[in-house]
Structures are given as structure tokens and as C-alpha cells.
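Below you'll find the structures, each written out as C-alpha cells.
Okay, so subunit A shows up in both of these, paired with subunit B first and subunit C after.
Now for the complex of A and B:
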């Protein structure tokens, strides 16, 4: 961790009007959960569809995409990364600092609102809200690491990330069983299931496998990103 | 130092500064050129190989299922298309959305980031022309993307010997739906793309807007009992919450494609009018805001 790099990254991520885009996520989640609370439907179904589908399934990946690529891809894009790379700092330190900022942002802007939304809809019963929050934290961290790697590897990181999150996890994952095993969203859900009371949630991936994959993907992505950053070639816009 | 006089043979002729007096192609020609260039840029034509990858992939992903559908019809000798033209656009609606998110910033954000826009406006074209050309290019690109699979479906259904009249009428329905999608998506996407010079943010913001709004529309639909076996008619109003469902609901109602109560549709003629009005307001409003955005660059 390097506090100066962290401070600059936070400013790049949240500066000017960009914090407003990120703030849209919690505002939306809270508005929907308030609307859901006032309707007379089954509380459990509501919690699963708001926290599971909207929260963990849509908002966490999109937010992870924005912060994961936002902490580094834009600097690479406009070339200002060279000023950072020219400083006598090990590259892995730059990567881990930026990753920490991204993970922190995804926890503040996605996991925390999920907790509040869960409490609004379902209260503290069955540890459901807490389960989804821990799941969102795990998934948010893995998404941040993966999308940070994408940001270092390709100039089309956001499009590639969208392709993974929407086409692979949502579209293919709905039809092909095996695709669910390779989906960060399902790993997060598995963590959520473990934290929540027995039988409240159902996950397709076993907890041990999910934890191993979450940690594995996050650390491998970080190592690869550091290695790639160590020999970064700046290319021009096509 | 004075040179011998015979060496001093050089002469400078004053021919004056000559203005170009030939024919000028004018504003409309410049606008048309900008349109053509932008349309080509949307598909990466005339650009590097890398920038062709994504639009061509999306085009293939949009077109290939149509080939499969036609193959199924021909092989199993079906009497009608298993998937209507408008239904096809709904089922594979993710691909035009990805195309919009990826290519709208290509058309606008880069001009902003590299400060090219003042160069355009130093030519005869006005900001109105610029916005019109970019909007038309984005809408045409989306229209092309959606027309290709429908053309495949149409030709395939004719070759498979399906009734000519029905196929043609349903193709026209599909084209009308595609035009509505193209106009609405282009207006919303370009407005967001013009707000940020950073391509990545533009892509994520456009896709986020489209995906999150459609998840919320589905959620509200379910909340009001629209996903049950006997759906509540009024739950269909939830379709107004997202661009994709808005067009889908309007088209299904207006063209009488509601074969089952589960099909998303505008509930009643008045609702159809409201849906159409919302589309018109969104398109006109976004276009107006886009014009406003370019008042100073």
C-alpha cells in the first residue's frame, strides 16, 4: 500500500461528477428495496430477487467493472500512467494499492447498500442480509481484481468485462449448467449461502470450491496484472 | 557583398494571393461525409483490424441464430417460423445493446477527448449538422445490425415455402420495431457518450443504464403479479421503466402480436399511446439535450 498512490486513485475514481455514477447504484438499490417493502409480496422472494438478481447479479458486476477498470485503465488510456510508473515504486505495490482502492469502493458502493437493503426488506432474520453482504464483498473483490487485470491487458477492458459479466454469467449461465461453476456471481452466492441460515438460499457451487476459486482468481489476476504492468507497452488509440 | 551583375538573374514575381474560386461542395456534402465516415467507423471499416473485432463479432452473434432458425424450419418442415421477427429482436436484444454501448463512445467520446470537435465546427457544418450526422449514423448502424438477421429469416422462410403474405407483413412489423429500437437506443446512448470524454466510462454507463433499467422493469413486473400464470394486465405498465421493454410492449400491442397473456404488451390502446409518447419524448428530449451539450465544446 502506498498512501499517495491510493489518494490519487481515489481522486481519479471519485473526482468530478464520477462519484455520481457510482452513487446511482446504492440509491437505486435502496429505492427498490423501499418499494419492495411496501408491497405485500412474500418477503423471502422479494429479498432473493432484489439482493440476488438486482444486487449480486447486476449491480455488483457492473460496479466492479466501473471501479476495477476505473482505477487503472483510464490512466493507461490517456498515457498518464507513465508518470506513476516512472516513480521508484515496485509495480506490484502500485497494483495492490489500486486493487485495494477498487475493492474498498466496491464494498462501500455495493456491499454496504446491499446490507441496508437486506435489513429494510428482510430484517436480521436468518442472517439473509448479512449473507448477501458477505457474498457481495467476496464477489466484489474478485470482480475488482479480474477487471483490473483486464484493464492492464486490453484497451477494450470495459467491453471485455461486459462480455464476461453479461454474456457469460447471465446469458450462458442461464442455459448451460457448467458455466455456473466458472462464474464469480455463483461463487459469491455460495459464500452467501454459507453465512445465511440453513436452507434459506440455494447455491450451485460448493463452498470449498467457491472459496478456492475466489481466492485463486483474485490472486492470480493480481499477480498477472503486476507482471503485465512491469513490462507495459503504451500503444496509441486506433 | 555585391555579386557580378551577370549572376543576378533571379526574379521574384508578385502573382498575389490566389483564393480558391472553384466549386465548393458545401454544408450538406460535409454533413453527408461525416455521416458516411461515422457509419463506417461504427463497424470499424477503414480502421485498424482490432477495432473491427467487436462490431463484427456482435454482427455475427446477431445473425447466426437466424441461420440456425432457418435451418430448423427447413429440416423439420415447419409451417411457420418458431420465432417471429419481433420476438427474435427481443430474444437477442442484448447484442444491439452491447453494440450501442461499445460503439456510441467510439463516435463521440474520442472527438471530445482529442479535442477534434472545434476542428469540425471551424468548417461550414454547424453543431446541428454534427449531431444530426452522428445520430443518423448510430441509428443506421443499429438498424443494419437488426435488419441483417431479419433478412436472413425472411429469405429463409420464403425458401422454406412459408406463406408470402404473412411473412412480408411480419417482416414489416419487425422492421418497424427495429426502427424504434434504433432511434431510442441511439438517442440515449449518444447522450451518455457525449457526457464523458472517457470511453470506458461511457461504455459502462450506457450498458449499466440499459441492463439495470431492464432488471428493474422485470422486478416491478413481478412485484405486481405480471409473471404469474394468469398475469395481472396492469402489471404491464412496468414496461415503461426500461427502453427495451418499452419498445417491445408497444410493438406487441400495436401489431396485435399478443398471442398469450404472458407476452409483454401495452395494456390497452390508451397505454399504447402513452408508450409511444414516452418513446417520442425520450428520443426528442435526448436529441435536444445532445444539441445543448454541443453549444460549447
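Now for the complex of A and C:
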């Protein structure tokens, strides 16, 4: 961790219009959960569709995409990353610091609002709200690492990330069974299932495998991002 | 002594060769890297600042490789060509952050000193996004100087500056050169380089075209054979009168253009000779235009010599 890199990254992430987009996630979750609470439908079904499908399935990956690419892709794009790189700083320190900021942001803007939404809809019963929150924290961290890597390796990180989150996880993952094994969302769900009371949630990936994959993807993505950053080539305007 | 050595360096991008077998040594004092746009100046500076790997050859700072070696930044200050620089920070915050990133013992004092050097204290509390081009350039300078580096690399620092800002920056660079620092800046404008650098390295089309004292290079540039295109009321008679003088090397009658193509050896001699000869022979001159005065042709002459 480097506090200066962290400070610059936080200001870059929150200082622009992006902060409004980040705030849209909690606002949406709270609005939906308040509406759900006053509806007469089955509370468990409501909690699963709001927290599972909307939260873990859609908002967590989108937020992960915004913060994961947001902590680095913009700086690479406009060239200001040169002020971080032209310093005697180990590259892995820059990457891990930026990752920490992205993970923190995904917890504050996605996992925490999910906890509040879960409590509003379902209370503390069966540890369901807590389960989804911990699942969202795990998934948010993995998404942040993966999308940070995308932000370093491609100029089209947002498109590539949307492709993964929407096409692979949501579309393919919902219809092809095997694809679920390779889905951060499903790994997050396994964590949620383990934390919540028995039988409240169902997950397709075994907990041990899910944890190994979460940690593996996050570490490999971070290592690759650091390696790529160490050999970052500047493009000239000529 | 901080010396950057470029040893038989080539850099290609796919099929395009941007830098072709260049060797040069940049030592203390001010060096101007001169060349037309697209000659490979930025590519060279990117390799010298560790942001591009040479495809062949080696770029070193006092024998230490620069590529993938972040320790060199303790000695190198880089002023990049691009302007973007965290425009949500104030000038002070930006320079201070650079000092902190260097891990300096007293970043506050270093930032204050650097901003003082470029005389930007008066605007240090404004956001850099609101700065003019010249102000941005100076704050970029301050960020590059904050750790008191032995080497300063500047990519096209005078681009877009007004004459007053240009003079200020030149004064500043002169001081650094006089301090014994190694200062290298790139430019495509001969006059700019001439005013500032005693030592010049010329690159043209990726090749190292000339190296040395600016006076020597200036002389090479003015002493080269000059070509002119001349139209007059009687081309043949004018040609006959001109060839008799020693300052003319060759004359061609161009039938398609209906003009004379003249090659002069002695630039000064020819420019006084032509009007004199024409007046004495009663010939009217309609067109006298230098055929190869563009910077590119001056440079390509240097390459061929």
C-alpha cells in the first residue's frame, strides 16, 4: 500500500461524475427493497430476487466494472499514469494499492447497501442478509481484480468487462450448466450459501472450489496487472 | 556525472522502423534533439525514460539499463509531451504528490522549492485543469524537478508556448544546464534548439543524421548546395551569364516548367550574383524560388552527407 497512490486513486474515483454513478447502485437497491417490503409477495422470494438477481447478479458486477477499470484505465488512457510510473515505486505496490481502493469502493457502494436492503426486506432471519453481503464482498473483490487487469491490458476494458458480466455470466451462465463453474457470481453465491442458514440458499459450485477460484482469479489478475504495468509502453501523439 | 548512452538502438513497431541503429551519448549540459515531426524523437525519449523497450541495442543511464528499472527514476526527471495531469488536483497538491511518490524525506519542502524554481507559487492553489498551456508546462517541470534529478528529459517542451513563456523556460533550462545537470529536450524547430543548446543531435526518419556543436551543424546546413527555380524574360541568356560565375554549379533548362533549375554552391555569392547579372543583361526576373528550403530537405541533406 502506498498512501499517496491511494489518495490520488480515491480522488480520481470519487471526484468526477463517476461518484454519481456509484451512488446510483445503493439508491436503486434501497428503493427496490423498500418497495418490496411493502408488497404482499413471499419475503424469501423477494429477498432472493432483489439480493441474488439484482444485487449479486447485476449490480455487483457492474459496480466492480466501474471501480475496477475506474481506478486505473482512465489514467492509462490520458497518459497521466506516467507520473506514478516515473517513480522508484515497485509496480506491484501501485497495483495492490489501486486494487485495495477498488475493493473498498465495491464494499461501500455494493456490499453495504445489500446488507441494508437485506435487513429491510428479510430482517436478520436465517442470516440471509449477512450471507448475501459476505458473498457480495467476495465477488466484489474478485470482480475488482479482474476488471483492473482488463483496464491495464486493453483500451476497451469496459466493453470486455460488460461482455464477461452480461454475456458470459448472465446469459450463458443461466442456460449452460458448466459455465456456472466459471462465474464469479456463482462463487459469490456459494459463499453466501455457506454463511446463511442451511437450506435457505442454493448454490451450484462447491464452497471449497469457489473459494479457491475466487482467491486464484484475484491473485493471478493482480500479478498479471503488475507485470503489465512494469512494462507499460507510452504511445506518442505523433 | 549522469550520462545516458544509446548504443546501436533500433525500435520498430510492426513493419515500421521508428528508430534505426542510433548511437549517442547524452552528458551534462543541454542537448537539443532536433528532427522533423515523426523522425523518432519521441520514440527515443520514451526509450530514454523507460517507457519503451528498444527492439535492439541498449539504453543505459551510467551503465544501468533503463527499461524495467524503476530505480533510475531517482535520477531522472521526465516532462512528458502530453498535458493530462490529474486536473482535479491543485498545482501544489500535484507537485506534493510527486514528492511523496518519490519517498522524499521532506516532501513539503521539496514541493515548495520546485514550485519556486518554476515561479508558479502564485497559482499553486488553483486546479491544474484551469492552467494555460505554459503554466501546465511549468508545473510539469516542477513535478519532474521535485527530487532534484541529475537528468531532465523534456519531450517537445516549447510546443504551444507563447514567446514570453518560451523565454522563461529557456532561462530555466539554461540554469539547469549550467548546474551540471544532463538536460535533453526535443524540438522540430531549428531556431529553438539553436538558442538553447550548444550540443545538438539530429534525427531524420529514424536515423541519426548529425551530432555536434550547433555552429557546425548550422554551417553544414547553410553550406549545402542550394537549388533554385528561376523564371525570367530570357532564360537562355540568363543561364549563359550565370554559368560564367563560380558560385553556380549547374543550370538546367526545364522545358515543361519553362524555367531554369539552378544549383548554387555558394549561398551568399549566388544571392547577390543573380540580381546583378539580370540587371546588367537587361533580363527581367519573374520567379526566384528556393526549391528545397523545407526543413525536411535540409535534414535529408544532412543525412546524405
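Here, the second predicted complex is superposed on the first by the 233 of 238 C-alpha atoms of A that agree within 3 Å, B and C clash if a C-alpha of one lies under 4 Å from a C-alpha of the other, contacts with A are read in each partner's own complex, and residues count from 1 in each chain.
Note that in this section a contact is a pair of C-beta atoms (placed from the backbone, for glycine too) under 8 Å apart; a residue touches a chain by one contact, two chains touch by 3 or more.
Only a predicted model underlies this, so the values are computations on that prediction, with no experimental measurement involved.
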Open item on the list: Per the contact definition in the header, classify A:70: touching subunit B only (first), subunit C only (second), both, or neither.
Closed with: first
TODO: Quick one: classify A:163 as touching subunit B (first), subunit C (second), both or neither.
DONE: first
Open item on the list: Once chain A of both complexes is superposed, is A:32 in touch with subunit B (first), subunit C (second), both, or neither?
Closed with: first
Open item on the list: With both complexes superposed on chain A, which partner does A:4 reach: first (subunit B), second (subunit C), both or neither?
Closed with: second
- [ ] Please indicate which partner A:202 is in contact with in the superposed arrangement: first for subunit B, second for subunit C, both, or neither.
- [x] neither
Open item on the list: For A:89, using the defined touch cut-off, is the partner it touches subunit B, subunit C, both, or neither? Pick first, second, both or neither.
Closed with: second
TODO: Applying the touch criterion given at the start, work out whether A:174 contacts subunit B, subunit C, both or neither, answering first, second, both or neither.
DONE: neither
Task: Residues on subunit A lying within both footprints (that of subunit B and that of subunit C) - done: 78, 237-238
TODO: Quick one: which bits of subunit B touch subunit A in the complex? Just the residue numbers, please.
DONE: 47-48, 50-51, 54, 94, 98, 101-102, 110, 113-114, 198-201, 203-205, 207-208, 211-212, 215-216, 219-220, 222-224
Open item on the list: Help me check something: in the complex, which residues belonging to subunit A touch subunit B?
Closed with: 18, 21, 24, 28, 32, 35-36, 39, 41, 46, 49-50, 53-54, 57-59, 62, 65-66, 69-70, 73-74, 77-78, 156-159, 162-163, 166-167, 171, 237-238
- [ ] Would you mind writing out the residues of subunit C in touch with subunit A in their complex?
- [x] 37-38, 42-43, 46, 49-53, 68, 70-71, 73-74, 76, 78, 80-82, 84-86, 88-89, 97-98, 100-103, 143, 155
Open item on the list: Taking the touch rule as given, give the residues of subunit A at its contact with subunit C in the complex, in rising order.
Closed with: 2-5, 7-8, 11-12, 15-16, 78-80, 82-91, 230-234, 236-238
